[in-house]
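Chain lettering (A, B, C and D) follows the sequence in which the chains are written, and residue indices restart at 1 in each chain.
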């Protein structure tokens, strides 16, 4: 911690201290209000950018939207500067995951002065919402997402095997479909056939490419049923993690109870001769030295 | 309870009492018959409104359908009036969830006298079916749905995290798709691209918008596999709740059994001769020295 | 059982007895061969009928296909007659579920003499396969399907609540979509809008009807995410049943073990004086009468 | 093992020994590098073949792509020869699953000299990736996939019942849809209608065929809800296996603990003075009478 924090010398240091609690803290009313305000500002700015891409809206309100976008960008720029200013370790913040996102969410608007259209990328600032999980109910949310992270890490191998299998199926069936259907039926290349295979396997089914030969339809039907069945695999992966957790909890309860039993069954008497503990509840003599226990 | 109910004075009070049991009660045959009649009336009236929107049917039977609709509306209006009349606390009913639905299900028809076409909204009276869960087998149904409610409340945080994540993915990928594909390929605006992203992520896949660039297809494939995998999350959420409940049940059984063991098996009597403990609850003599136990 | 079976008098009775074992039995090699032959015949006959509806194939092989269909129909008719002939209770077979299916699978072909085209319905004889589960590995299959039946019956209420909810959502959102999009955007009637709603909710997504208004797209997105989430409900229903079964099994194991413990902890000694059992393993005296136990 | 391996006589034998460890082994750095190099070569060669089918790319880089393909094929041919050469039992490798895949992945390119276009099938060499699971983290992966195999084998009967049911539904509803919709609505034959049924049941929903009659739409809606519900079956199958495993683990833990209790806690010694049992394993004196225990 920089010294201004523990030992504020000037008015500025006090201001930084106060702002730090508001911007990075959650538990104070001001901190919560700041977070909610930020959430609304982010959502509104994203909606503004979205609206600008809709021709009908843009046509009538082009100027207003541009002004709004600049207002939001200036707000976020000020906030970014403030975050750096009050941060205890500015560089750590700047190069952190959220620091980079904060920077990238204001960059496109300034870039748009030189490169037309680039400000549309501002809507990527939706990622800033990731930090605002804490607005709702901090602990529960963070717990849930960290539990999810643990579960995902634990089933890393399973997920990789799953993706690997999907990749092999996609290339394999994609190649076969390209061979069976051919460019004359819309399967113009293997990459497009792989696209078709993924679209079918995941049961998305756009319908922009559809097999027309009997063999192609037969293979597609097998693919669909496979995809329909394979969906159980991610579910199963999550299920295993869930089951493990429950298993742990049950065995934990069991252990707690077992300990209780042990405690109750053995009495707390200490042998006056040899200081031995852990005698049976009904013991008359010390099991270690044979001395009579004075119950 | 209003005094007419406990202490009916007039014939009218007796009538209200009787009707109350029929309309709000379930256990009497008349009450059950009323509910089943209502169910059929609701379904038929909804089918009538639906039929009216089908051009072929409406063309030939327009008059008959209008008459039918008015008949159903009058029936429901009478029922609504009756419900208010016999209710113990009329205002409580009128402003209750079901009271408002009952009112809204007759309103559009009367509005249609002034505003043409508004009677179509009458089909929203399908919501009245919500109350009729009880027709089948009351307790079981209510139990199931309340259990569902508990499970949903318990996993509130998880569901919010899930929706939050879906929202962020949708805006993020939607913006990227808009940038990659552009209006010339049908991705005319970010909102439409977000629509495409949701359509793909949930594996619905209408196929009205389809990526045509290589990069767009690649991103879409990742999106599909993600959506295909993310489906495990709601399943997992339900799974956790299920597992918790089972866990509770098992540990409950365990506790019950443990209590049984403690309570039934051994008493706390100490033999007055040999100080031995741990006698069976029904023991007359000490198992260790044969001395009679003074119970 | 008819007397011919227990006590065959004529050669005909012996033939019926033999045929009965072949047709209805499974364990003899002849019975198994009959079942496999029947399976192949059913599949081939279904493929024949299917082939006839494909214009290209029908054009070149029309005569051959018709001949094949008649051959299969005659085989099945003979089999049907034989089943009645050798059955112990012919009428019970005729009006049983499988008896009716057997009859319906030969009927369309004979009807086609009078009504052109009706023989296509012969492909419904695929239902006959239901009986042939037993060809593979009888016991396991029957067990699985009966377990499924039990699970389905047990979650009857849940399934009804689920379908009821889907129905209400479909009519509700269908009506709203009809109102929002209107006939000019392809939502020509409420039934068609309900069809769209079901197509979207179940994540099928044909894409023949697609919302074009902003509000319609927004409502559809909510519908998709709902449908994507609701899929957890049937999974959860099955999950609960699975979890229950596992719970039962675990508590069963527990009980078995507990019994073992009881048996081991108590010795098997019977008091020579009062015939009392159930003494502690370390008991010296009968807990009931105080008599010394001769271990 | 051939004698060259245990007892290498010549320089050639030493080379074969070294190569064997590199090609078939995993644990040495050289073996790992070989595997990673192979993985990259396979992926690159598959991408090359894919690229060749994309008209735009093929047009500009046709020569380069052909050269690249030949380079990869020569590399794989050399590798194949080396695998045979260093193998301890060459014929066992040649006719093994992976041996055949290795052969088939070089064959199409050589065939393309005689049959134009057949080299496209080279992309089937993606199957070679199956062997390369081990690159990541050998043991975990193999464990996961073998566990999957066990689970699949264990639920063989359930999967067959599921596929059997899907088949019967597909033919049944397909025939009905063909009858209801007819060729004039795009349901040109029963096989095509079966295709439609599978597309709908698995919630793929291409939308190339869509029911237009009221009855066809109604039947399709039932089909969709069925398909939406049936998805729980594969999930349930996996779920049962998961639950079984957890059940086993829990009861295993229980047994382990029970054994611990028995073994560690009490010994079987009987006090020679008072005949008391149930002494702690580490007891020196009888807890009942204080007599020294002769262990």
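Methods note: a contact is a pair of C-beta atoms (placed from the backbone, for glycine too) under 8 Å apart; a residue touches a chain by one contact, two chains touch by 3 or more.
Note that the coordinates shown come from a computational prediction; the quantities given were computed from them, not determined experimentally.
Repeating the C-D interface, with the same residue numbers in over half of the contact pairs, is the pair B-C out of B-C, B-D or A-C.
Put simply, the chain farthest from chain D by mean CA position is B. Chain A and chain D touch with mostly distinct residues; of the residue numbers seen at this interface, under half occur in both copies. If you average the Cα atoms of chain B and of chain D, the two centres end up 40 Å apart. Centroids of chain A and chain B (each the mean of its C-alpha atoms) stand 29 Å apart.
Across the assembly, chain C contributes residues 191, 194, 203-207, 231, 235, 239, 243, 246, 250, 254, 282, 284 that each touch 2 or more other chains.
Here chain D touches chain B in the complex through residues 203-207, 235, 276, going by the rule given at the top.
Residues of chain D touching chain C in their complex: 157-158, 160-161, 164, 167-168, 171-172, 175, 178-179, 188-191, 194, 200, 203-207, 210, 214, 217, 220-221, 224-225, 227-229, 231-233, 235-236, 239-240, 243-244, 246-247, 250-251, 254, 258, 275-278.
Considering their complex, residues 46, 49-50, 53-55, 120-121, 123-124, 126-127, 129-130, 133, 136-137, 140-141, 144-145, 148, 159, 162-163, 166, 191-192, 194-195, 198-199, 201-208, 231, 234-235, 237-239, 241-243, 245-246, 249-250, 253-254, 257, 281-282, 284 of chain C touch chain D.
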